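The following pair of complexes shares a single chain, chain A, combined with chain B in the former and chain C in the latter.
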Partner chain A sequence: MKRRVVVTGIGIITAHGVGKEINWGKIKSGISGIKTITSFDSSKYPGKCGGEAREFSATSVKNVKRTRLDRASHLLIHAVREALSETENDYPAYKNREILLSVGTTLGGMLSGEMYHREVIQKGLKRARLSLVTDYLAHYQAINVLKEFELAGDFTVFSNACASGTNAIGHAFNSLRYGEYDVAVCGGYDTMSEFTFAGFNSLMAVTPTLCRPFDKNRDGLVLGEGAGILILEELEYAIRRNARIVCEIVGYGESSDAYHMTSPDPSGRHASYAIIKALQDAGNPKIDYINAHGTGTKYNDEAESKAITMALGDSAKEIPVSSIKPMVGHILGGAGAVEAIVSIFSIIHKAMPPNINYDCPDPQCNLNIITKAVEDDVKTVLSNSFGFWGSNAAILFREYPWEG
Partner chain B sequence: MTPVITGLSKLVSCDLDKGISHMNEQIRHMRFVHDLEKLVVIAVGLVLYDAGMTSPVGKEDIGLYVGVDNAIEDIKSEYFNNILSEGILGASPLLFPFTSPNALTAQATIAFDIRGESITLPIQRSSKDVIEYATDCIIGRYTKMAIAGGITTDRSQTSCSETIKAPVYTAEFFFLEDRKSAMERGVKVYHRVMDGSI
Partner chain C sequence: MGRLVLTGIGPLTPIGMGKKQFWDAILNGFSGIRKITKLPAFSECYGGEIGDINFDEYIPDKRFRRTADISRYTMLAVKLAIDDANPDSSSLENLGIIVSLTHGALNYTQSYHRLLITEGVESVSPIFFCDSILNASAGNTSICFGVHGPVHTLIGGKTIATKAILRAAQMIRAGAIDKSIIVSADELNELSFSCYSRLGLSPLSEGAGALFLENEHTMKGVFPYCYLSGIASRSNPSDLSLAFHTTMEKSLEMANLKTSDIDLVMAEPSLSDMIGRCLNTGNIPVGSIASLTGSAFSVTTMWDIIVSALIIKYGIAPSSIISKREKLPDEIRNIMICVTEREGVASTVILSKYP
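So, the complex of A and B:
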């Protein structure tokens, strides 16, 4: 029998800042956190801007060596701390309990890897400091979280491109539903690195102007960095410990395009399977808002529009849709998690954030794109994530308690 | 629901030519960017063959679950060293997508038209985790069948031949499905899977 799973804690860091209040305030207001990149020289690239988390430098740690942590670990640990702080009174109980840590990332500790490679080029292999790569591989950051918070249990790391964060939450959701765990810490993270920036620029996928999801004149994405973390608990367990329940997760679906390395299947057919699976998983509820993957690239937005229309039929044209990527950038492995959190905010605060920079409707993206924040009785939200290599994931959040 | 193994494959990067001779015309003529990619595609092809599946699969009910150890770092190194030595022009748009570990999984989905879930776990003990994950997906009915396995790197052995120095990679895959499905298909059953263990 499937158990019910609820969200009881949230932690978020983006270009807008650190924490829930500042992020929701700016996202709802349609403020852009995109600026010229400062962490490396971006002047030589066609696209020069990004969503760096400038207000965040490092977090305090007590159980791991601070000097050896990559920025990715700092982001992740800080977001986990914020999420756990909501369960502060009961947090010690987690220490004696097996929990699941499920996170998504595409880059892991890439900034450390960059530094190491630079030293190899400049000083030679024998003189490059190996200590630089102690937090490089994509699973080390999860291990640092387990150590820092003295959590017992297991961890899983997903590296499924831009769907990684949603995959990580979906895996945690399923693990709790089937009784493997009562509590999970899940989400995603990624940093701003020249490695990725150069790659997306070489693919000519980065906008030299503004990121405009679903706009007819859209010309590319903008990268971002950050982390998003959710604490999930099995409903009865959360009620027993009198936890503050934020919302419920009710459906999750994945699929694969099997089409191309960087382009989505233009028909949107296989992306729609992920949405359909999530909807069926949740018993086909009425959707009040869609937080789109909406990268601002020509092919993604068109394929996503078709996928949404295929999955939701005629109602697709009515449901408000927006993408937050023009405001915080594309956080890659963290995107799904941060967008899941914004989806939850829209349920809690009964408002949907705007799709900024949208001026010219594209007939190929025939959706109800909202350009200003809309206040409404948002109960159920769909959040989409579609990654490189055709990795598709969709997840559904619903208000709690549900009186439908 | 009783997940069982109905297909096995194990391929070492030194034996790529031997492995590809078992593939159909389409796979034999595929252009590969990196040996790792070729290794995964052929190993997945071999497990499909062993499990009695026709190729291309063209189904949404088969998922592909791949664990990658630090093998992917070799592609990242190649890509990033090019940027450092040649500047911005060194960023290869062809190699960049392969720096994401799910590139290997996805190439196999494209090669064999596998349209179910495709999941990549980039951790050291990934094969065990991946088999456990795939088993859970079958039990939870998220997928009817699963191809689960991983790639490991042997850096102690850095050459397949006298002339070419390169790390040796090994790909191992299992084809998993419910025992009832295996009986309906009339295929051999190697083992039963319990809690991710065989």
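So, the complex of A and C:
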């Protein structure tokens, strides 16, 4: 028997800043956090801008006894702290409790990796600092969270490219509803690194202008950094402890294109399966808003439009759709988690954020793209995530209590 | 809901490729540890390498000719497991792949970044970049075998192989998939070799190991190696012993077994005392493949699981890898595979005789 799973805490860091209020305020207002990159010299690249989380430098740590932590660990720990702090009881209540930590990342502590590689080139293998290596490993950020908050239980780190964050939330959702845990901390994160930036530029995937998802003249994505964390609880467990319930997760689906390393299957067929599975999982509810993956690349947006149309049929043309990536950038492993949080915001605040920079409709993306924030009685939201190597995931959030 | 069974294995190891070579090497006590040839900076050091394999013979698809070693190892191990399980093609439609990794394609990552640093932006290769992304080997494998079900890459240390099995088991039980391939892979690299050597960890090795896991009610025309009867994973950074004990209890409970039912434990020799305390016996035979293959992190865990499946199926306990053999019963019915990491991470798998 499946149990019901609710969201009781949220933590978010993006180019817009740290915390829920500032992020929702700016995202709803259609403000872009994309600026010329300052953490490395981007002048030599065709695309020079990104969504750096400049308001965030480092978090305080008490229990992680390391000489240095990667920025990825700082981002993740800070977002987890915000989310745990929100769950009515403060987070020491979770100490040594059986909790599942499920997070997604694309490259983990790559900033430490970059520094280590540089030291190897400059100083040689024997003199490069070993202290850089531990947090380079992509599972150590999760271990640092367990240590900092003295959590017991288990952790899982997904690295499924840009779908990682959604996969991590989906895994936590399933683990709770099948009775393996009562509480989960889940989400995703990634940092802005030159390693990644150069790579996406080498693929000619980064826009030299503006990221404009679903626009006919779109010419690429813009990278971002940040973290998004949700606290999930089994419904009865949350009710028993009188938790403030933010919303419910009602469906999750995933699939794989098995088509190409960077390009999605242009038919959108397998991506649509992920959406269909999520819809079926939730009992095929009416969808009020779709928070699209919407990278702003030619191929993703076209394939996603087809996938949405295939999965939702005629209603696809009516449902409001937007992507927040032109505002905060593509956070890769953190994208699905941050977008899940924005989906939840749209339910809480009864408003849908705009798809900025959208000027010229593309007939190949025949969706109801909203260019201004729309206030409406948003009850159920679909959030899509699609990654390299055709990793597809879709998740559904619904208001709680559900009066349907 | 039926029990989960292992119906295919795919070992790609320094002591042999495929179950026959692998098993024969173990029975003969053949060691794969030799002087390293792939890393010029460590030519005087010892490790376990995958020898020259004509990859194209097994995976003739031209799209994968330039992929990183770790992707090739992953695909090859998966092919071995699929060939071994021999499922009909229709039954692959609802298949998942869970890849467990510790490092990813470090050689391509290093090459890509070295070019970026030393020669500039114009010189970087998009192929090196794409294969550096941690889910590259999983993605290549899904393309190679046309797998459209869930394809996941999980990252971790030695325990991540068991977490991958746990994830696959969860998805099969939930009905999300019918079958799953679980694979673990690693490649030798001078940066990681240097780091772990400085930390005193050796000999290191490389390779891959894959399992084909399915429900006994849906398998067709195959006699399984064994049941996957128990599995658990726990983390407790402040108390490894507690995490370890919890995984043992949970996996025994899941398998409906008592500690006295465990005939053999596969684990690093350094865990013997902790295992003895948790199982309330100091006499249980303990084995590990690492003495023959070297350590390839999560891959070694997968090799230990594969060896355990073979021991149960063939009823032979190889002397080359098992201590206290005199304590073994006549028939080995239940093997517990125990893994721990730094930072309080532990996992346990129990394989049991089929039927």
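Everything that follows uses one rule, which is that the second predicted complex is superposed on the first by the 396 of 404 C-alpha atoms of A that agree within 3 Å, B and C clash if a C-alpha of one lies under 4 Å from a C-alpha of the other, contacts with A are read in each partner's own complex, and residues count from 1 in each chain.
The rule we apply is simple: contacts are C-beta pairs under 8 Å (C-beta built on N, C-alpha and C of every residue); 3 or more make two chains touch, one makes a residue touch a chain.
Note that the coordinates shown come from a computational prediction; the quantities given were computed from them, not determined experimentally.
Chain B and chain C, once both complexes are superposed via chain A, clash.
Of the two partner chains placed by the overlay, neither chain B nor chain C lies in contact with A:I249. In the superposed model, A:Y259 makes contact with both chain B and chain C. When the two complexes are overlaid on their common chain A, residue A:Y273 makes contact with chain B and with chain C alike.
Once the two complexes are laid over each other on the shared chain, residue contacts for A:F158 go to chain B and to chain C alike. Looking at the superposed arrangement, the partner reaching more residues of chain A, out of chain B and chain C, is C.
Contact with neither chain B nor chain C is seen for A:A394 once the two complexes are overlaid on the shared chain.
Legend: residue contacts after superposition of the two complexes on their common chain; A:K147 is shown touching chain C, with no touch to chain B.
When the two structures are aligned on the shared chain, A:K126 is found in touch with chain C, with no touch to chain B.
When both complexes are aligned on chain A by C-alpha atoms, chain A residues 44-45, 106, 108, 113-114, 117-118, 120-121, 137-139, 156-161, 167, 171, 174-175, 178, 180, 194-195, 198-199, 201-203, 254-262, 270, 273, 387-391 touch chain B in the first and chain C in the second. By the touch criterion given at the top, residues 44-45, 96, 101, 105-108, 113-114, 116-118, 120-121, 125-126, 128, 130, 133, 137-139, 143, 146-147, 150, 152-161, 167, 171, 174-175, 178, 180, 194-195, 198-199, 201-203, 254-262, 270, 273, 387-391 of chain A touch chain C in their complex. Contacts from chain B toward chain A in the complex involve residues 60, 64, 68, 70, 73, 76-77, 79-81, 83-85, 87-88, 91-93, 96-103, 105-107, 109-110, 112-124, 129, 133, 136, 139-140, 142.
Those residues of chain C whose C-beta lies close enough to touch chain A in the complex are 41, 97, 101-104, 109-110, 112-114, 116-118, 120-121, 124-126, 129-130, 132-136, 138-140, 142-143, 145-157, 160, 163, 167, 170, 173-174, 176, 190-191, 194-195, 198-199, 233-239, 242-243, 343-345. Put simply, chain A touches chain B in their complex at residues 44-45, 106, 108, 113-114, 117-118, 120-121, 137-139, 156-161, 167, 171, 174-175, 177-178, 180, 194-195, 198-204, 254-262, 270, 273, 277, 387-391.
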